[in-house]
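So, here's a batch of structures to check.
Next come two complexes, and both contain subunit A; in the first it sits with subunit B, in the second with subunit C.
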Partner chain A sequence: MLSLFALAGAMSQFNQGLTLFLSLLVEATPFLLLGVAFSSLLAILVDERKLVALTPKNPVLAAIAGSLFGCLFPVCECGNVPVARRLLMQGAPSALAIGFLLAAPTVNPIVFWATWVAFRDQPSMVFWRVGLTILISVIIACVFSVQKDLRPFLQPAIARQLLPPEPEPALATATSDSPLLTRGTYLLQSTGPVKLDQPLAMDMAVLPSATWTVKAQAVLEMMLQEFRELGAVLVMGSAIAATVQVAIPREWILALGQGPITSILAMMLLAWVVSICSTVDSFFALSFASIFTSGSILAFLVFGPMIDLKNISLLLTTFKSRAVIYLFVLAAQLTFVFTLAVNLYTSW
Partner chain B sequence: MKRTFPWPIAFDALALLLWGLMILRYWWTGRLAVLLHPDYHWLAIGAGWLLLLMALWRGAALLWSPKSLNTPHIALLPRRWSLAVLLAVAVFGIIYIPRPFTSDTALARGIAEPVALTRSQPRRFARNTPPEERSLIDWIRLLNVYPEPDAYTDEPVNITGFVIHPPNWPDDYLLAARFVLTCCAADAYPVGLPVQLSGDRGEFAPDSWVNITGTMMTDTVDGQRRLVIQPQDVLPVPEPKNPYEF
Partner chain C sequence: MSFNRSAQRALRRSQASLDQIALALMVGLVVLAFLLVVLGDHATVKVRDFSWQAHTVGADNIAFAITFTRPMDPETVEANLQIEPPLPGRVSWAGRRLAYTLDVPIPYGETYEVRLPEARDRFSIGQATATQFEPFTGSFQSRDRAIAYIGTQADEAGRLMLINFSQAGETTALTPPDLTVLNFEPYPLGERLLFSAVPTAADASGSSTASLFTVATGLAPLAPEQSLTEAVNVSFAPDAAGTLTPILDGDEYQNLAFDLAPNGKKIVVQRVNPTSPSDFGPWVIPEGEAPQRLDTEPGGEFLIGPDSQTLLLLQGQGTAIIPLDLQAEGAIAADPLDFLPEFGRVFDITSDGSAAAMVDFNQNDPERRFTETLVFVTIDGDETPLLDTTGSILAAEFDPTNQILYVLASELLPGADYQEQPFLTAIALDESPMLVPLLTFPAQSRVSMNISPDGLAIALEVASPTPDGAAQNLLLPLFQTTEERLTGTPAQAAPQVLPFTGVAPTWLP
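Showing the complex of A and B:
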C-alpha cells in the first residue's frame, strides 16, 4: 500500500516534470526560431567591414559602440564569436571586438522581447539585464583596450594574420578556388573545413550568381543548422531545469535561493553549466524566479550569455586560454559584485 | 548516374516536420492551454507552422538538389547527436499528453502556508467587482492588498478550483486551489482558499474539480487565522478547458 502511494507520488512528480519540460520547449521554440532567422539573415546581408570603418577610435566609445552592435547582429553566443573574430581580423579596435563579444548575445531586440514576455510581472528585469550587460561589457572592453597590441592574447594563427597592417586582399581569398591555397583559419568539420574569418556577405557580393533564391537558400540552410544545434541544447537545458524543479527537495532550493550570496553563486554556476541560448534563457530563469532572489536571476541572465561551458570552446578558437581566463574571471567577478549590490541595496 | 539516398536531408526534414506537428497537435487538441499563457499561443502556433514550412523546403531538396552556398557553421555537437535529440523529443512530445499540475505539486510548493500568497503585483484591483463574481485569484489578490479576514465576513463567494487535502488539516477542511500563470507552466504557482465542509473531505477526491458557492468567514486552520469559505453547495464539475488562472 505504502509503495503504491510512493509510486503514485513519483508518477505525479514525473508528470509535473514533463509538463514543465514541454512548456519550456513550446514557449522557447518561437524565440529560438526568430533568433536563428535573424542571425542567418544578417550574416548574409550585413558586411561588418563597413561598420568597422565607422567606429570611433576612443576606447570607451568603441567599447560602447561594440556593445550596442548586438542590435545590428542579433546573434546568440554561438554566432558572436565568429563575428567578433572577423571584427578583430578587419582591424577593429580591441575594445570594439570585446564589447561586442560580451554584449551582443543580450543586447538585441529578440532577447529584449523574450525577457519581457517571460518577466511580464517584473518588467524592470529587462532594463536591469540590458543595462548591467552593457556596463560590464564596457568595463571589460576598456580593461582589454589598455593592451594596445592584442596579439599575445590571440591564437598564433590569428595573431600572425594581424601582423600586416594593410587590410586583407579580400577578393583574392574569396575567389580562389583551391581550398589548400587560401590563407586563414579553418575549423575542421564533418561537412568540410569552415573558414572562420570571412564575412559571408562578402561571399555573396563576390558571387555573381548569388541571386535571391540562392541567398534565401543559404539563409534557410543556416537557420536549419543553428536550429538543429541550439534546439538540442535547448532540449537539454529544459530537461535540466525541469529535473532541478522536480527532483531536488524544495527545502534545499529554498535554503540556497534565499541567501543573497549563495543564490547568486548557484545561478551563475547553473548559467555556466546549462549554456542555454540567450534568446530562450529567460524562460529557463523564470522557472526559478519565485524561489531565487531577483539579483541571482539577474546574474543568470547577465553572466550566462557572456561566458558558458558551450562557448568556451568557441572562444578558444580565437583567444589563448590566458585571455579566456581573464575574460571569464572579470565577467564573473563583475556580475557577482553588481548583482550582489542589487540584492543588498535595492528592494527590487 | 546512381545517387545514394540523402539520409541526412531526410532526417532534417523529418525532425522539422515532427517538431512542427508536436506544437500544432497541442493546439489542435487544446493542450496548449496546459503549457502556455493564452497570450502567447499565437507565437507557438506560428512557430509550428514555420517548422512545417521549413520541413517542406528541406523535403523538396530530396527531389531535386538546389544550388547552395557552403554556409560556414561551427558545430559544437555532432550533427547526428543533435538530430537524435530533436527527433526523440518530437516523437515523445507527439505521443505524450501533458497534464496540468496536481495537488501534490501545489503542496510541494507550499500552498498550505498562508504567507505564500502570490508574488505578483495585482494587475487589476478586484475590490470593485461584486464578491460573487470574484475568481479565486481575485480573492487572493484582494487578500494580498488587505489581509484582514474579518473584512470579508458574510460576503458571498462563487469559485471553481481543484481539491487539495493538506495533510495537517482536520478532516472537514479542504483547500480549493488553482495554479496561476504569467507566461508558461514553468512559472505556475498555486493559490487556494480553505473550505470548511459539513461532512468528511473524503467525499471529494484530491485533484477533482469543484464549484463552491457559499459565504466567507474567519476561522483558525492549523493554528492560523484565515479567511475560510463556508459552503452552501459544493458541486463536482469537469476540469475547465483552461485549468489555470491569470
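Showing the complex of A and C:
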C-alpha cells in the first residue's frame, strides 16, 4: 500500500517535471532559433574585419557597446550564447562579447516593454532593471577584458577559431585551414567535427562571385547546424532545470525568508532554478512583487536573465567551466550587493 | 597544435591576470556584502502610493489602496490609520498593498484626510528597533452635492438650472432662454447633462420637434483610476458651464424619449418619422458616431442596463432584453436575449445588474386585475413580490448599496370619487423584505423622486392637485444616525423645503 502511494507520488513528480521540462523547452526554442539566425547572418553577411574596426578599442566603451547590442539583436538568455560566441569568433573584443552575453537578454525592446507592462504601477522597475543590468555587465566585461587572450577560457573548438592577440603565422594557417573543400563537406552534412565556426565571411569575402542564393543557403545550413548543436544542449539544460525544480519545490525557496536580505537570496535562487525566459519573467516576478521587497524582485529580474540553470549548459559550449564559474559568481555577487544596497539604503 | 612555446608562456601570463582580478573582485564583494549586512537597515519605510490622493471620488468609488515600500505589520497599520471625517470600512491586504473598502457610499461634498502617523514593517515584528517610518498624510474629496432641475419661475422658465450645495448653494442657468428643456439626464461623472429641448418661440405652436444636446455643468471631478475594481471606462468631457453641443436634430425624425447608458457612451432614442408613423422605434447613438437604427420590434418604455450593453424594452405585454452591440454592417441587429412576459414595466436595475424592480399589472389574475404588484426579480429568476397596491406604482429606485428600494406608489382612496394618494416607502431588501413608510402626500398630487448618489437623501417634486398650485421641491433626509446608515434602515424625518422651484430635480452623480 505504502509503496503504491510512493509510486503514485513519484509518477506525479515525474509528470510535473515533464511539464516543466516541456514548458522550458517550448518557451526557449523560438528564442534559440532567433539567436542562431542572428548568429548565422552575422557570420555570413558581416565582414568581421569591418566589425572589429567599428567596435571601440577602450574596454569600458566596448563593454557598454556590447550591453546595448541587445537592442539590435532582441534575444533572450537562450539566444544570446550563439551570438556572443559568434562575436568572439569574429574577433570582437572580449569586453564587447561578454557585455552582450550578460546584458542582451534584458537590454532589448521586448523585455523593456514586457517589464513596463507587468510593473505598470511601479514603472521605475524598468529603469532599475536595465540600469543595473548594464552596470553589472560592464563591470564583468571589464574584468574579462583584462585578459588579453581569452583562448584559455574558451572551449578548444572555439579557441581554435580565435586569432591570437598579435598577428602571428597562425593567422595564415587559420585561413588556409578552411579551404572551400571543407565547407563543401560541411554543406554535405559531414559527420565529422562541426565546422560551423569557420569564419565563413572571410571565404565569402574572397569569393566575390558568391551570389545571394549561395549566401542564403550557407546561412540556412549554418542555422540548422548550430541549432542542432545548441538545441541538444538546451534540451539537456532544460531537463536539469526541470529536475532541480521538482527536487526543490518553490515553496522551500520562498520560505527562505522575506526580510531585506533573505528575500534577495530567495529570489535569486528562484531565478536561477526556474530558468524562466527574460521576455516573460517580469510577469512571473509580478506575482511575488506584493510579498517580497523591491530589491529582491529587482535581483530576480537582473540575475535571472544573466545566468540560470538552463543556460549554464549553453555557456559551457563556449566557455570553460572556470570562466563560467567567474561569470556566475561575479554576476550573483554584484546583483546581491547592489540590490542589498537598494533594500537597505533606498525607500524605493 | 599551432601554438608555439612562447605563445603558451604569454598565454599563461595573461591567464593569471583574469584569475587574479576575478578572485580579488569576488573577495572584495564578499567584504562589501558583509559590511552592508553589518551596517544594518537604513531605509525609511513609507507609503509609495495612495490611490485617491487629490482625487474627487464618487459613490462608484468603493475602495482606496495604500501601497507601502515594504510588506507591513498589518496590526500597526490598521491600529494607526485615521480617516477624518470618519469613513467606516474594512481593511484587506494583498502583500504590500492595503485596500480599504467603504461600507457605504462616500457622503458627498466633503474633504477627507487620511493619516498614518506610524507603522512598522513586517521585518521588525518582535524586534526592539523598528525601521524608520515616514508619517503619511493624504487627502481627497468627494464630489459636490448638486441638483439639476428645469426651472419654472420667471427667467428660469424652461431652462436647465444647476444648484451646487457644496458651493454655498450657487445657482447657474446652464441653457440659454431660447431653448425650452423637456427632459434631461446627467453623464456618469456629472460634467455634462444630456437633454432634449425645443426652441422656446416655437414651443407654443407645437410645430417644432425636440433635438438632443449636451451641456457642460462646469464641474470636472478628477476621478481616481478604478484599479481595485473592474476598470470602468466612462465618458468624460468637461467644459465651461453652459457649453452646448448638439447631439441629434429633430429634422427628419421626431425624438420622443431617450436614455443615456450608465457609462455615458451610448444614447438610445425612441424616434418616429412624422411622414410615415410606422417608421418608429429605438435608435442607438454610440459616442461620437452617427445614430443607427436598432433593428427590433417597436416598443414602449425602455431602459439601458447597468452594463451599458443591453436595452430593456417594453414590447407587447412584456419586457425584452436586447443587446446593444454594434454589428459589422452598421445596423444593429437585435434578437432579444430574453423576454420577461409578465412584467409590463422595469423601474430600476441594481448597479451590479443582478436584480431589477419590475411591475406586474396582474393582467392574468382576474381577482387582482385592478392592482399592481412591485416585484424584485433576480438574475437567477427568483421573483419576490414586494408591494401590492390598489393605485399605481409610480417609481422605484435602488439605493446605491442595492440593499434598499425606495418606492413611490399610490393608493386608491375609498369613496365615490376616484382619488389616489401617493406615498413614499422604503423596502429593506433582506431575507424578509420590510416596508418602512416615509412620507404620505396630499391626494391627487403629482410626485417625482430622485435619490442622492450617496444614498443619504431624496429630492422630491410635489405638485399639488389644484391647477394653480405651484410645485414644491423637498429634501427628505433618510438616516438620522451612522448606525441607521450602516444597517440600511431609513427612518422617518421631516422633509425640508429646497431653495428652488423646478421640475424633475435630479442629483448629479
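As a convention for this text, the second predicted complex is superposed on the first by the 199 of 348 C-alpha atoms of A that agree within 3 Å, B and C clash if a C-alpha of one lies under 4 Å from a C-alpha of the other, contacts with A are read in each partner's own complex, and residues count from 1 in each chain.
Note that a residue touches a chain if its C-beta (ideal position, glycine included) is under 8 Å from a C-beta of that chain, and two chains touch if they have at least 3 such contacts.
Remember, it's a predicted structure, so these values are computed and weren't measured experimentally.
In the superposed model, A:151 lies in contact with subunit C only, and not with subunit B. Once the two complexes are overlaid on the shared chain, A:340 sits against subunit C while remaining clear of subunit B. Once the two complexes are overlaid on the shared chain, A:58 sits clear of subunit B and of subunit C alike.
More residues of subunit A lie in contact with B than with the other chain of the pair subunit B and subunit C. After overlaying the two complexes on the shared chain, residue contacts for A:243 are found with neither subunit B nor subunit C. Once the two complexes are overlaid on the shared chain, A:214 sits against subunit B while remaining clear of subunit C. By the touch criterion defined above, A:232 lies against subunit B but remains apart from subunit C after alignment on the C-alpha atoms of chain A. When the shared chain is aligned, subunit C comes close enough to touch A:261, but subunit B does not.
Residue contacts after overlaying the shared chain place A:290 against subunit B and subunit C alike. In the overlay built on the shared chain, the residue A:321 is in contact with neither subunit B nor subunit C.
Touching of subunit A by both subunit B and subunit C, each in its own complex, is seen for residues 121, 289-290.
Per the touch definition, subunit A reaches subunit C in the complex via residues 121-122, 143-144, 146-149, 151-153, 164, 168, 170, 173-174, 258-261, 289-294, 322, 326, 329-330, 333-334, 336-337, 340-341, 343-348.
On the side of subunit A, the complex with subunit B involves touching residues 9, 12-13, 15-16, 18-20, 22-27, 29-31, 33, 78, 81-82, 117-121, 187, 189-192, 194-196, 198, 200, 203-204, 207, 209-210, 213-214, 217-218, 220-229, 231-233, 235-236, 241, 245, 250, 283-284, 286-287, 289-290, 310, 313-314, 317. Across the interface of their complex, subunit A is touched by residues 2-3, 7, 10-11, 14-15, 17-19, 21-22, 25-26, 29-30, 32-33, 36-37, 39-46, 48-49, 67, 69-71, 94-97, 122-123, 134, 227 of subunit C. Of all the residues in subunit B, the ones that touch subunit A in their complex are 12, 15-16, 19, 23, 26, 32, 34-36, 40, 43-44, 46-47, 50-51, 54, 57-58, 66-79, 81-83, 85-86, 89, 93, 96, 98-102, 104-105, 108-110, 119-121, 182-187, 189.
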